[in-house]
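In the two complexes that follow, chain A is the common piece, with chain B as its partner first and chain C second.
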Partner chain A sequence: MTFSMKSSQKCGLIILLGLLAFAVLGSWLSPYTISQQDLNAILEPPNAQHWLGTDHFGRSMFTRMAYAVGLSFALGLVCVMTSALLGTFLGVWAAWSGKQVDGVLGVFVNILLALPGLVIVLLLAAIAPGSFLMLYLAISLVQWVEYFRVVRAVTQAVVQSPARQSSQMMGFGRWYQFKRHIWPAIAPSVFTLAAFGGANAILTMASLGFIYVGIQPPLAELGLMTVELFPYYSEAPWLLVQPLVVIALIVFGFHLLAGKRI
Partner chain B sequence: MKQLIFRRLLQLVCVVWGVGTLTFVLMRALPGDMAYRIAASRYGQDNVDSQAAALVRNELQLDLPPWLAYWHWLMDLLQFKLGHSLVSGEPVIDSVQHMLGHSLLLAVAGLCLSALIAVPLGLFSAWRGNPLDSVLMGLSSMVRAMPVFVLGVLLLLVFALHWNWFPVAGFGTAMHLVLPALTLAISFAAISNRVVRDSAKQVFGSSFYTFSQVKGLSKWRTFQRHGIRNIALPVVAFLGIQLVSMIEGIVMIESLFSWPGIGHGLAHAIFARDIPVIQGAALAMGALFVLLNTLVDIVCHWIDPRGGMPV
Partner chain C sequence: MTILLKLTNVAVYAGDSCLLEPISLSLVQGRPLTILGQTGSGKSLLAQAVMGLLPEELALQGEIEVLGESMTCDERRALWGTKLVMLPQEPWNALDPLMKGVDQVQEVYRYVHGKHQREAMALAQADLQYVGLAHSGAKRPSQLSGGMAQRLAIAAATAGGASLILADEPTKGLDASRRLDIVRLLQTRSAMGGLLTITHDVAIARQLGGDILVIKAGRLVEQGDAQTVLSHPEGEYTQALLGAEPRVWKEASFSVPLPESPEVVLNVEKLSIERGGKSLFNDLSFQVKQGEVVGIVGESGCGKSSLGDALLGLLPVASGRISRLIPAAQPYQWLKLYQDPPSAVTSSVTLGKLLEDLVGLHGIDRGRIAPMMDKLSLPEVILERSCHGVSGGELQRFAILRALLLNPVFLFADEPTSRLDPITAKEVTTLLFSLARETKCAVLLVSHDADLVRKTCDQVIAL
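Let's turn to the complex of A and B:
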């Protein structure tokens, strides 16, 4: 299977790779740490020492932004990997293994779908505030359901198809059947869901940071930085703009990468 | 109809059980002796000794084994005994009612506003076609890329801080409602105008629509008789799918504008670790979600009775 990308998808990929490069190079090259304060140089505009200025404690914004973007991408990546693997596996299993498995998994899915995702994440985040691990688990728990539903629906059709059935009758194993018949049918949907899932995971973390129940200070996180810098808007508008623009860019990049519109 | 109501009731039970279990785990997972904590919130930090804690423990039966306590917890829930806030001491049910009213006001205002924005824009871009269509679609893609709180912050900066047209936060007058409702409306309209446009384009291009014009109906009459219902169905069905994002939007917007609704209450309760209020607010949001979903199903059926009740 070859991935042929539309130009808008390439554009999205370039945006995301650019941000990723900024995160990696920024954290690696910067002489400052994210919590290193310099109270003699607060709310500075961009200059030679601090390329993106300094915040209200005189911390280097360049370093903090690089860290925050890196954290967002790390969360997005692990959440997408976990939920895509889990959702795809369970979706194929539910469609392929008869009524009982399907029924049991269906009950789980219905319970999860009965509450809005953000509320589930909020409740779980309340158990361990400020924990990256909990955020990751909660977001993955919410997101795998999407993959499960789509993969199950597509797989059900493929399992019934004559091509797959003759494959089985010729004695090919399950793994071969999955690779040859099911995976090509579900791959495009899984890819689209993954792109949207990445955006949603990052957005959820930023949202939680924004209402102060996500990642806690002094760590740098995009939503948290928005609230922290908001009171200094009139003195230093260029600081508040940075996290806002970066969040919008990340989401826009993922939406472009997804190609399709949901 | 019966089947639909039954399914939704089942979903509601799932919500209650899920929220109840999660908050129970939360209660148990908190560090420290529960009896001391409750006594402290009742009598003040300074008046707590082991006697007061023992009193509380006896009264609330806190020394029961976990599974029995879990059972009691669920039974209380089923009787809608939500308890008292650990912080303010008020009955949770009162504050939840209060918050729910504000949230509903915001949701209804936002929804109406977004319909006012999205429907004309969508119809217009389907009717006029390119280049207006491309411009509007591009614009809605850009707005969609902005998370709700980024949009809210931008509106706040422009309309409240820069031009001073509207108050920054709080509630009370109609002016306070404008910015939160507008934020919700714009973020929601950016998603739904595309659906209106796609649906309208399909209907305008379909053979039954052309036929009714060929047989002599005027443009307006055709739209009225054959357009509205057919366009509305996918839009309302889509609304049902997007309810999640609306509820999530409400949580964020309320926190941003200090709107005293359920989302704001939930965020505050989580921050203060006020578990009865967390439970009450989460329950109310879940119930609201199920209720709105049911409403969408019923409206879909009312618009297009052909398909039977959606399952």
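Let's turn to the complex of A and C:
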């Protein structure tokens, strides 16, 4: 299968790769750690020692931003992988394995859909505040439903198609039928959903950080940094701007990458 | 007699290459004009040129006069609906799927003629009655059969009062029995104005009468009065086109005789099938022998395709018994050929890869492929393309190739040629049957074409 990307999608990919490079290189090259305080140099503007300035405890913003971006990407990636795999698998299973499986999965999905996604995440996150694992599980649980519904709808049509029926009659197994018939039909939608899903996962984590339910201090997280730096917005606006701009860039990058297909 | 439409040296170019060579014609009131030709011969380009619908990358030359005035593309577009109208090819794609039939006609009266709602509704009802849909006005297009949808589309398209009707393949994808209705309807409409029909179906051209133009690969090959041209064709191509009609095929045109003392492949006893709680047929019993071609005929919707699917185990049976009597045959040797080749072959990989998959799965001897492709006159190059890059005829022959490589004992051919043009259809049918004979494969043929079944089948089952 070949991927032909539009220029806007390439642009989105470049933004995301740039941020990723910043996260990796930043954490690796910086001489400071994320919790290393220097109370003699607080709220400094960008300078030669601290390229992005320091926060209200004199911690290096460059190091903290790199760590936070890395954390966001890590969470986005694992959430997308998990929910895409789970949603796709269950969607194909529901469409392919008859009415009973479809019915049971349908009921479960409808229950999940009846509750607002952010509320479910909030509930689970509040059980164990600051746990990355819990955040990951909660966000994945909310996100796989989208994949499930799209994949199920597309697969139903493919399962009924003469092309798949003909392959089955010629003796090809289920994996082959998935590979040749179902996957080519669902792949574009799954990739688009994954791009939006990545943005959503990161945004959800930032929202939870912003209300102190997500990742806990002293760790660096984009939402948490926003709320921590909020009191200093008039003295050091350059600090508050950093996490906000990065969140906007990440979401923008993912949405560009998704393209206009859905 | 007024001349409604006159084309003078109209040609269509894509860059430097000529898709449609200069052609001149005139359409007079009350005398239908038919353009006959194979798919891909540039017939539809002509209709698009007249309507002003040519894609931008194509260039139009020559002069088009509508109702005695030479007009530019934009001027012709302004006539849409009221003077000039084109019937859609596959109406179930052109109608609004969510709107009741009568509303789709009623809208034309309201918005084109500016009539009041009640009056428009009455006129629409009258129109539907005229096309025989009086009781189906409240149905949505998906609840109508193909023929009914086409009649609805004709009613909606002609409600604007256009005197000049262009019909591009008006019967494509319709059952043979429904085709006549559409042609009759078009005929009555054409008596009031001009009708330009574009088709590959000789039967339609014959029925419409009037004048005829035969086009091959963008070039006019023959022109004249329909009766004369169709009964005494002069051009070689016209003769081939006429000779491809099942009506005039020589009986038993297969060189290979039935195998001697053939074994029985399939035995069906008292079979009944139901679909959606409705019984399709009851107590059907028959036998199919090796190498035999069995035809199934019947009205559309009588369960012909369902019978074939049931024999292959794709549909449940209500009662009765189907016994497969060749114990050595594997399940994958019971196969089906589909009506619409592009929908029966995946477009995700090249045809060559699909063939490779099959060879790998069943350990087929690669040496058999080349001679078989020769026989089916399939060029090597198509293996490098996906199913979108080859014609319907080639794709159907590719489907036959895949089926035959598995040494089938039974092949269910569900209208295998109904979407192909006549010359290709004849080639494919003859090839399929003679190859099946050679390999002792039984074929169950479902067709609407009674002539085809009568000329080719050893046994006919009427449902």
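Keep in mind that, in the parts below, the second predicted complex is superposed on the first by the 260 of 262 C-alpha atoms of A that agree within 3 Å, B and C clash if a C-alpha of one lies under 4 Å from a C-alpha of the other, contacts with A are read in each partner's own complex, and residues count from 1 in each chain.
Throughout what follows, a residue touches a chain if its C-beta (ideal position, glycine included) is under 8 Å from a C-beta of that chain, and two chains touch if they have at least 3 such contacts.
Keep in mind that what you see is a predicted model, and the values were worked out from it rather than measured.
In the superposition on chain A, A:181 makes contact with chain C only, while chain B stays out of contact range.
With both structures placed on the common chain, the touch criterion links A:29 to neither chain B nor chain C. When the shared chain is aligned, chain B comes close enough to touch A:126, but chain C does not. Of the two partner chains, chain B is the only one touched by A:234; chain C is not. In the superposition on chain A, no contact is made by A:5 with either chain B or chain C. In the superposition on chain A, A:110 makes contact with chain B only, while chain C stays out of contact range. Ranked by how many residues of chain A each touches, chain B and chain C are led by B. In the superposed pair of complexes, A:169 makes contact with chain C only, with no contact to chain B.
In the superposed model, A:21 makes contact with neither chain B nor chain C. Under the contact criterion defined above, no residue of chain A touches both chain B in one complex and chain C in the other.
Every residue of chain A that touches chain B in the complex is listed here, in rising order: 110-111, 114-120, 122-127, 129, 203, 206-207, 210-213, 223, 226, 230, 233-234, 240, 244, 247-249, 251-252, 255, 261. On chain A, the positions that touch chain C within their shared complex are 1, 161-167, 169-172, 176, 180-181, 183-184.
By the touch criterion given at the top, residues 312, 314, 330-332, 334-336, 338, 340, 343-349, 354, 357-358, 361-362, 399, 402, 406 of chain C touch chain A in their complex.
Chain B makes touch with chain A in their complex at residues 10-12, 14-15, 17-19, 22-23, 25-26, 29, 141-142, 144-150, 153-154, 157, 161, 194, 243-244, 247-248, 251-252, 255-256, 266-267, 270-271, 273, 278, 282, 285-286, 289-290.
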